[in-house]
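What follows is a single structure, written as structure tokens, with notes after it.
Read from first to last, the chains carry the letters A, B, C and D; within each, the first residue is number 1.
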């Protein structure tokens, strides 16, 4: 990603914009909206991984966003658009709980702290019945219209989701290429060295946390309006909104721009397809396959799909010359693995 | 006894070694010299098997060992004392030493070897039960060398032994190393201070920029004009 | 150690195949063709139950009842000459429920859906059906919210949380108070409930129901169904010394609760389970004799007055045939009954599942209590809630969960036995 | 007072279970440096295996340890050899996700094989009460607690006194150097995985007399076990025991005196606070966790 090549931006964007014209089936549009939501959350998650940080706490930000918009709308009559704005702010503020662990901990310890945070919020959402309506959840009113982000057709949802996702991607590209992104990537390589150069690494990491959380909150809020019903076990589900985005990112290629997008586009329909195909046949088979596929992909393409395809492309282009490069890449990863 | 022939190696995409050739006799001290980032430590890592050689071969006692694992090489008698000592800090000195003798654990002579180490380094005997991380730099270096010797090496490669040690301790250490070499093993000393090293060493090899520049007896190198100009700073 | 030329080739081959696998997996998702929905010969209905994830156990049990009802009806000629085809969707969580409802409606052209076992799943699924102008029939979820949102094409055939708490209090007032020899106002009653939508739906109504019968000492305590230890809950219970414990549990926690009550030697006057866990055969299996005397308020179970539940034998024998076991809980029977009523309604429309037509027929349909396999009748109220579905009180006796209250459905009278063998 | 005492005892018993699950994880996390998200599912596997031996062969659950232990040891070796070892050079993140995949797979394998039904072993001896000073403990829980203690002591001895233990300790601290001085690292990874996972299996066997098995039972244990390991310090077996007991007591006290619905919240809040205040763990040696903080 040295230079943004224009065709790579224009072509997919155009395709995405025109898609509803060709794809009138509401169910496929629905899947497309799901893909967009997941792409957005994954792209948001990925901003933290620019800095080499693995967060499994994004379900927390997603859930905060969902609950913020729903509670404001249902209990206080706040317009959902304003609610989404509030969701961004609340999710960012909510992420501050993780700020201290983020700055003090490295590697798996931070990851575990983020998982614990999701769990705490889930349990609190179940417990605080007067605010959250507990496990029964909150249902947003059926009033339709652009002002309420509620429509009969999937098309407007699709375009709103697309706008959100494109904005998220734009922000992510902008960050990647900004000084913040440069510092983040440097932190990912060697935090101590970067700090020694006088970069305020704490500020950099905190910035990525806040931006990432705020973006995730926006998608959580949109998803709440899109699904109508929110409930703690789903909205604060580590599996759905922490692990799945991380998985998309990793399968596509963590810390790259295109990786998360590719990952979400592939993994979301895969999950849907497995469920649709195997559910009802025998309990659990679809998730068994999902787990197995996950193991296989991670085992065979540890650099992610984007990297994997690139390697294949390089290999075919260069014929057998890959050997030296391959070997050195191994040496490098060995070192990182320590 | 150990012949390193024309090896190259990479860190990531960066080439760290281009063409290094190194030969060790069956005993005596060989100094392996060169400026910072010349590729000395990398060479050692290739010899001990931590990094694969991209090209070139390594022979030990007439056998090609280029493809063997670090463990096999230790078992054969090629032992690497890494830069920065890398002791197991939370474990006792004695446990560190015992682990050093891991490859020889089955010959039931661990106690005898321990005694031998304690003879060489009486300080370590005093500190046997102390956590290794809590000792002074010099003591830690002794422990690291002792740990290497526990494997019963034929070739002992010590990386940057004098780094961060007081000059008095450095002198002591050099003397001890010379003593060890006299018991019939080959010691490879990696040093930045060319002059100090050439004073204790019997032989020397100088590398720079990942390429072997000069090889000879210590005396030859001390007298060589090139070496004097480029590395001894006269 | 170092990768050889061959190794690298093999690896890249595996990578290709990994990518191919993915492409293979993704392609049919986008290519799968839409179904036509109901046509002249086939009635296609959408069935939504959680058969994976946390609700898998009772979701699966519920779905079994529907399968039996469908097969029996198809064997008998179907509905108005049409064969019934179930388009099934697994809905482990709320977002999936919304998502799958969309798939059924748009991709499968389903006009009439039903399910769902869990209340939050039901809310999500019905929202989609209702907002797209389709009809949905709930057969298992108990939360009041399912039918109180004002959707005119969302129906519920099963009794609700209010029926459960109502029966709790009825049973306390008319039997337990007398059997324990204390007036209702002096009884100490504690409701322990797991904190999923099931437990929370019930507890939200319990307080009011308790007030209604003049129960002054009523406490509610939540706990997490996922907990692996309920010591705290049981210790709190011990300190409160309740006469009656009303427990609302899922599966594993019901066993855990029972065992820990026994372990901590908490002597109770009576223990009344509420649906879910306490009616499962494996609850009795796990506790053995200690389960004797435990009451349970739930959907109809198989040990019930057979005169009151015509058709139950068919259900039981069919269940045996298919799964070689007794029904694990009453959920299969209630969903079986609900599905049968649904088919009967569709019979009156001539197999037409158009939402408007179905809704009109559903509102018109009527059935007396004691004429279905679960003993339920059928009479919708203004909110499309069936008024004639009822809950019963059962009691464990050996390996049988026998219906003991109200008398018309009972196979025997209730007996007061100190629960958990204490 | 009795009430408090009973609460504390209940907490201790629960803590014993946590410690039991955590020691195996500690070994794996410490030595192989893998965040094993499938650990709880392996406890679940132990539970199902014990249940199956009991229901099909009427085997006493405690006797079934002679089968469960080696089977789970082999399972651990297989997981290391076929799944994790080939990924040795991948980033830690990748290893996390491979274990996540394994956990999803095992959960649903259980659902597929046994259905959602919960499977309890009805073993009357384990359910008898030991009553002392008005405090009740069942033999099942007591046995689990005592075995946890014994296993932790045994591991403690192993780690301190034997060569294998010293090697494992060395691997916890610095695996590159361990390899450099001739230790066959891969072999010891296999051993650590084998031991760690057989410990998970043993935990499953000891739990099942009082806790039914169902497909999602393990998920609950995984995160808790990590909390215990982090509290106690990596590679520190005694720390895991203490961490487990503290967690058990915190959970029970919070549940009894605050609100049963919040007992888990208390546990995770304690965890996050400890991570913030003392990331090396309450009893952790300072150097180790910092190093495994994985740069």
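Keep in mind that, in the parts below, a residue touches a chain if its C-beta (ideal position, glycine included) is under 8 Å from a C-beta of that chain, and two chains touch if they have at least 3 such contacts.
Not measured: the values here are computed from a predicted model.
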### Farthest-lying chain, centroid of Cα atoms versus that of subunit B
C
### Query
With respect to inter-chain C-beta contacts, which pair, B-D or C-D, contains the greater number?
C-D
### Task
Report, in whole Å, the distance between the mean C-alpha point of subunit B and the mean C-alpha point of subunit D.
42
### Message
Roughly how far is subunit A from subunit C, centre to centre by C-alpha average, rounded to an integer in Å?
### Response
34
### Query
Counting in whole Å, what is the centre-to-centre distance of subunit A and subunit B, each centre being its mean C-alpha position?
49
### Query
Among the residues of subunit C, which are close enough to touch at least two other chains?
2, 51-52, 54, 56, 60, 195, 222, 224
### Task
Mark out which residues of subunit A touch at least two other chains, giving numbers and ranges.
123, 126-127, 283-284, 286-287, 293, 327, 330
### Message
For subunit B, give me the residues that contact two or more of the other chains.
### Response
52
#### Entry: subunit A-facing residues of subunit D, complex
29, 35, 83, 86-94, 96-98, 100-112, 115-116, 175-176, 215, 223, 226-227, 230, 259, 261-262, 264-265, 268-269, 271-272, 275-276, 279, 289, 292-295
### Task
State the interface residues of subunit D toward subunit C in the complex, per the touch definition above.
3, 6-7, 10-11, 13-14, 17, 108, 111, 115-120, 122, 124, 127, 129, 131, 136-138, 141, 207, 210-212, 214-217, 220-221, 251-256, 259-261, 263-264
### Message
Help me check something: in the complex, which residues belonging to subunit D touch subunit B?
### Response
163, 166-167, 169-170, 173-174, 176-185, 285, 287-288
### Query
What does subunit C use to touch subunit D in their complex?
51-54, 56-60, 195, 221-224, 226-233, 235-236, 238-239, 251-252, 255-256, 259, 262-265, 282, 285-288, 328
### Query
subunit C touches which residues of subunit A in the complex?
25-28, 30-31, 34, 123, 126-127, 129, 134-137, 139, 142, 152, 223, 227-231, 233-235, 237, 240, 266, 269-270, 272-277, 279-280, 283-284, 286-287, 293, 296-297, 300-301, 305, 308-309, 311-312, 315, 320, 322-323, 326-327, 330
